[in-house]
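The two complexes that follow have chain A in common; it is paired with chain B in the first and with chain C in the second.
On to the complex of A and B.
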């Protein structure tokens, strides 16, 4: 039995923030959860799937985030409690439906859980999902620690049911992925009954059809939606998760939320400012609790905003202060806009310490320079210098090798549009700098479709795009359909590594099993592309020359949209992990090393971590510990010095 | 000589569109490859000196150094280069009539050289469709499959490099002027590698005014004839001014004025019409499409020609003075055009690594005055 459904009285477990959100949902009696994988959110659906049978949950990895919200909304419409989860970029994808859902409202409690990635540790950007709450006109909650990450969820479900609308709960990497002790509450019985009532009057929240009005006057739905926000704001005034610690009349008030509240507490404590600084930790960051804020703003002459990414709190609280100016008087504000805290990246206690020491002119010395230097020296000694790269035996490295060669051989200035997945490293040396555009999921195909139509303006460069198998279903299919329909001559290289590899091999519609382990129909990408009207070729990326030839042929001769499926399971996938096809060795007598004629192409260019340069012998070697025996490097070596022997 | 590495070669020759696609830099390393008549640079190399740069006939070519190495004479800018004798030639009576281009002199010499053991392999260029495909031929009969002109750039020297790496020796090469220049530079062992052995025993140079860009030529013909049916392509000597395309039972002619736009820019920098750095050079005799002009330049070339003549694989006659004068006039014109182009674009002498050619002011003036 999973610890997540421990029903022991006063049970306490060390949980990641994401696990705490799951436990909180279980305590709230959740029925349906759907999401699309994306760091730092992916553990939530995986944890739900582990307890799905015991708790009678329906859990799915949806095709994309918009579909995930729609699936969860259906459960809410049928009276169940549901949750959809995604990373910050996913909210962009889901936003169209979300805007309409916020208009129609919900029935059973429904949460949108977003896990933001300040600092873009695992993202293309550090997009700010909080701003969506304002755009969508839905309430936003931000738990400040691990216990709260659990406790706030049942409260959020109850709020959703009170106002009959979706409620957004925002986590961040340092809350989702860090761990803390969490005291468990009771789990409810699981006997939910789903039924969608639609026979009542239009706009009846309990029995009418769930419709975002198409031609109604704004007051029909937008008015009630704003009333819901007013109700939420009123509830927020007494929300138990908004807390204040500090003196009654502090010299400085820190207004903060989420993991930043922990950094603030630590910084205030280290500087010995607990008697001079108050911390107002807000869990309800949209709409803001105005009376609560006014009370605390009135008590302090100076305000410091501690928050990550956009100055959302800073902007909105300043409006509250301005509107209450006559009552609370003028204030001095510090934060991102004053330059006391950085406008991008993650915050940490040191950054808050620096801001406070500057405001209070309190000297603070962080770690001594000598200590930092010693740490760096030790790290350099024991950690090998290594840039971002593909894993040993990664099919993407082999694919990009062939793609790079095909593009260079073609010689007409062709280029590849990059997409989101492990293969984003096609923009870097690891992927031979092959990709020349990179934006959102599926965008490579859409951009390529557009480039392909620029021939009439004199553009003769061959156009290519990449996408992974999960991305194909997520967002590339509409772009491919567009290209086929518009006769846009680009080549899509569908890098099918059999799963959503970057986030941990979650299944997608092309997978034979779902997140619950059930056997499900696997959609055949090759047949889909053919049926859509594309010319389709399939190649094993480990067959470098064949792959290169097929791509060159597609670039040279075929008109319209073409698809080259590069099919090879990820070396870390469950079906490949631990399996070696070849024993690979280097014949040192044949290795040309740094000579003209090779110049270390294997270790300098190909760059598989399984290949090591022996600086003393001036030859390449195989790192037997991490080599996965794919044998591709044997085809790279011009001297035949890398030898592969098939393992029976 | 000024030698640099692959990055400089890519910048100065390939990106500058000076590459003739000769193949001299290919198959020495994994970084240069040939594709449809063009040379591609796949990945950057960090070496500061390489054979690729040293062999290239389009950058830092020291004509005087090559001339002194091959002929023990300075490069004097003569329109036909150094030569021992000039003849009218054709395939001899020992050979059955084959699908020769013009007089069949090149095929006859290569056939004889292979058969007699003067060479142990021949680097020749066949074709797949319209695409020139170089090959190593070790049996005399294999020569006949490569006997027709291609008129587009071929990476012939990539096959020579591959054959040398594989240990082949005493090779014969049929080369265009730029390829013959590259082969001469290879024979000079510019990186002073040791041990070193001249891999060639016979270099037959072809006369060349220009070669066509393969991709453009293919596209040109694809719009006009069924590519798969082409049997032979020919440009008969002046006064004709057409490109002939032979199809089954049909010959189509295209004016050279329509063809010249397909000539790559790099040919405009070339000073050499007659493959001056070959052992023997062969072209079509003006006004006589079934005869060749044969220029004998080196001792080893002379020995093979004499023996081929003695054994009746080759028929040679004296060249009429009028034909020679006209040949010199045509070759001199190309030299002048090429050197002017180099001067206009700053590619004659100059900073190390930037020049196509290095020539003394005296020789330059002589070429321009001829």
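On to the complex of A and C.
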């Protein structure tokens, strides 16, 4: 039995923030959860799936985030409690439906859980989902620690049902992927009955059809939506998760939320400022609780905002202060705008320490400067930086190798549009700098579709795009349909590594099993592409020469969109992990090292971590611990020095 | 092992290494044992894009009193356990102080720049001598060699936990380790992991 459904009295476990959100949902009697994988959010759906049978849940990895919200919304319309979950970038994808859902409202409690990634530790950008709460006109809650990440969820479900609208709960990497002690509450019975009532009057919140349609009559739905926000603001005035610690009349008030509240508390404590600084930790960050804020602003002459990414608290609390100016007097504000905290990147205790040390003119030093200086000098000398690279045995390295060679051989200045997945490293040395554009999920195909139509303006460069198998279903299919229909002659290289690899092998519509372990229809990408009208070839990327030939052939074919499916499971996938196909060795007598005509192409360019340059012996050699025995490097050595022997 | 008291509160431990070495399992095993004994534990993990051959780091905060933040302030690590020597030095430079206890595996995992021959990874013995000049009590142990002798390089993380146990600075013992690992791994793997723990215990 999973610890997530521990029913022991006073049970307490060390939980990740993501697990705490799951436990909170179970304590709230959740019925349906849907999402699309993305760091740091992916563990939430996986945890739900582990207890789905015991707790009578329906859980799915949806095709994309918009579909996930729609699936969860259906459950809410039928009176169940549901949740949809995604990383910040997913909210962009889901936003169209979310805007309409916020207008129609919901029935059973429904949460949008977003996990932001300040500092873009595992993202292509430093997104900020909090701004969506303002745009969508829905309430936003931000838990401040692990216990609260659990406790706030039942409260959020209740709020959603009180105001009949979706409620957004935002976590960040340092909560989602950090762990802390969480005391459990009781689990409710799991019986739930779903029924969609639609026979009542239009816009009746309980019995009418669920329709977002306010053509020329904004008062019909936008009016009630604004009333819901007013109710939420009123409820937020007494929300138990908004807390204040510090003296009654502090010299400085810190206004903060989320993981930043922990950094603030630590910094204040380290500097010994607990009697001089108060911390107002807000869990309800949109709409803001005006009276609560006014009360705390009135008590302090100086305010410091501690938050990550966009200065949203800073901007909106300043408005509250300005509106109450006559009552509470002028304030001195510190934060991102004053330059006391950075406007980008994630925060940490040190950045808050530096801000407080500057404001209070209290000197602070983490470690003696002489020591840190000496060790930093040693690190610069002895600890070479660790660049990002593909895993040993990764099919993407082999794919990019062939793509790069095909483009060079073609000789017309062709280029590749990049997409989202492990293969973003196609923009870097790890992927031989092959990709020349990189934006959002599926965008490579759309951009390539556009480039393909520029021939009439004299553009003669062949155009290619990459996408992964999960990305294909998520967002590349509409772009491919566009290219086929518009006869845009680009070549899509569909890098099918048999799962959503980057985030941990979540299934997608092309997978034979779903997250619950059920056998499900696997959509055949090859057949889909053919049926859509593309010219399709399939190749094993580990066969470098054949892949290169097929790609060169497709690049020459000028009439419409073409797809090359590069099919080979990820090296970390369950089907390949721990299995060696070949015993690979370097025949030192044949490796000519730097004197070889290839100028040691194997280590200098190919760059597999399993194949290393021995600077002393001046030969390449296999690192037995790292090599996974894919044998691809044997094909790139012109001297035949890399030898692979099939393992029976 | 007699029960140890925390030398400071919160007591700050960093477990670091390279993606794939089992860093996260080590920190969760340790954190789980401590939480079970009633400590307030925070584990902050940095993984994700960096998990594939990149630097990985877990911050463990152990307290009787407060919930500490998931990031240790710079210069405030009490213990650094590293599964890879260059990572030990990288973390020591940011989070170490003259009193930090440093325990590291001495087997290098080469960054891609070194594999390619663009950068040099100096001999670990030279690094060890240089580190000991600023931090004389630093310990470099041959955990990978020992793990390979036991049959699998993946045991490095458990060997390092055993070595940490011997240092008697973090309050956990072999029995608690046994219980924690038994709860996480298949029954067949228990014996080899206990062997690895004991091997590490005997290495410092």
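The rule we apply is simple: the second predicted complex is superposed on the first by the 626 of 648 C-alpha atoms of A that agree within 3 Å, B and C clash if a C-alpha of one lies under 4 Å from a C-alpha of the other, contacts with A are read in each partner's own complex, and residues count from 1 in each chain.
Just so we're on the same page, a contact is a pair of C-beta atoms (placed from the backbone, for glycine too) under 8 Å apart; a residue touches a chain by one contact, two chains touch by 3 or more.
This one's a predicted model, so the numbers in the text were calculated from it and none came from an experiment.
Once the two complexes are laid over each other on the shared chain, residue contacts for A:604 go to chain B and to chain C alike. In the superposition on chain A, A:375 makes contact with chain C only, while chain B stays out of contact range. Chain A is touched at more residues by one of its partners, and among chain B and chain C that partner is C.
Legend: residue contacts after superposition of the two complexes on their common chain; A:350 is shown touching chain C, with no touch to chain B.
Contact with chain B, but none with chain C, is seen for A:410 once the two complexes are overlaid on the shared chain.
After overlaying the two complexes on the shared chain, residue contacts for A:596 are found with chain B alone; chain C is out of touch. The contact surfaces that chain B and chain C form on chain A in the two complexes overlap at residues 604-605. Chain B makes touch with chain A in their complex at residues 28-31, 33, 35-36, 38, 40-43, 45-47, 49-52, 191.
On the chain A side of its complex with chain C, the touching residues are 12-14, 39-40, 121-123, 145-146, 173-175, 177-181, 259, 262-263, 265-267, 269-270, 348-350, 353, 365-368, 371-372, 374-376, 378-379, 381-391, 422, 429-430, 600, 603-605, 607-609, 611-613, 615, 623, 625-626. On chain A, the positions that touch chain B within their shared complex are 404-405, 408-411, 432, 552, 556, 594, 596-599, 601, 604-605, 636, 638.
Partner chain A is touched in their complex by these residues of chain C: 18, 28, 31-32, 35-36, 40-50, 52-55, 66-76, 86-87, 89-90, 92-93, 96-98, 109-122, 126-127, 130-131, 134-135, 144, 148, 153.
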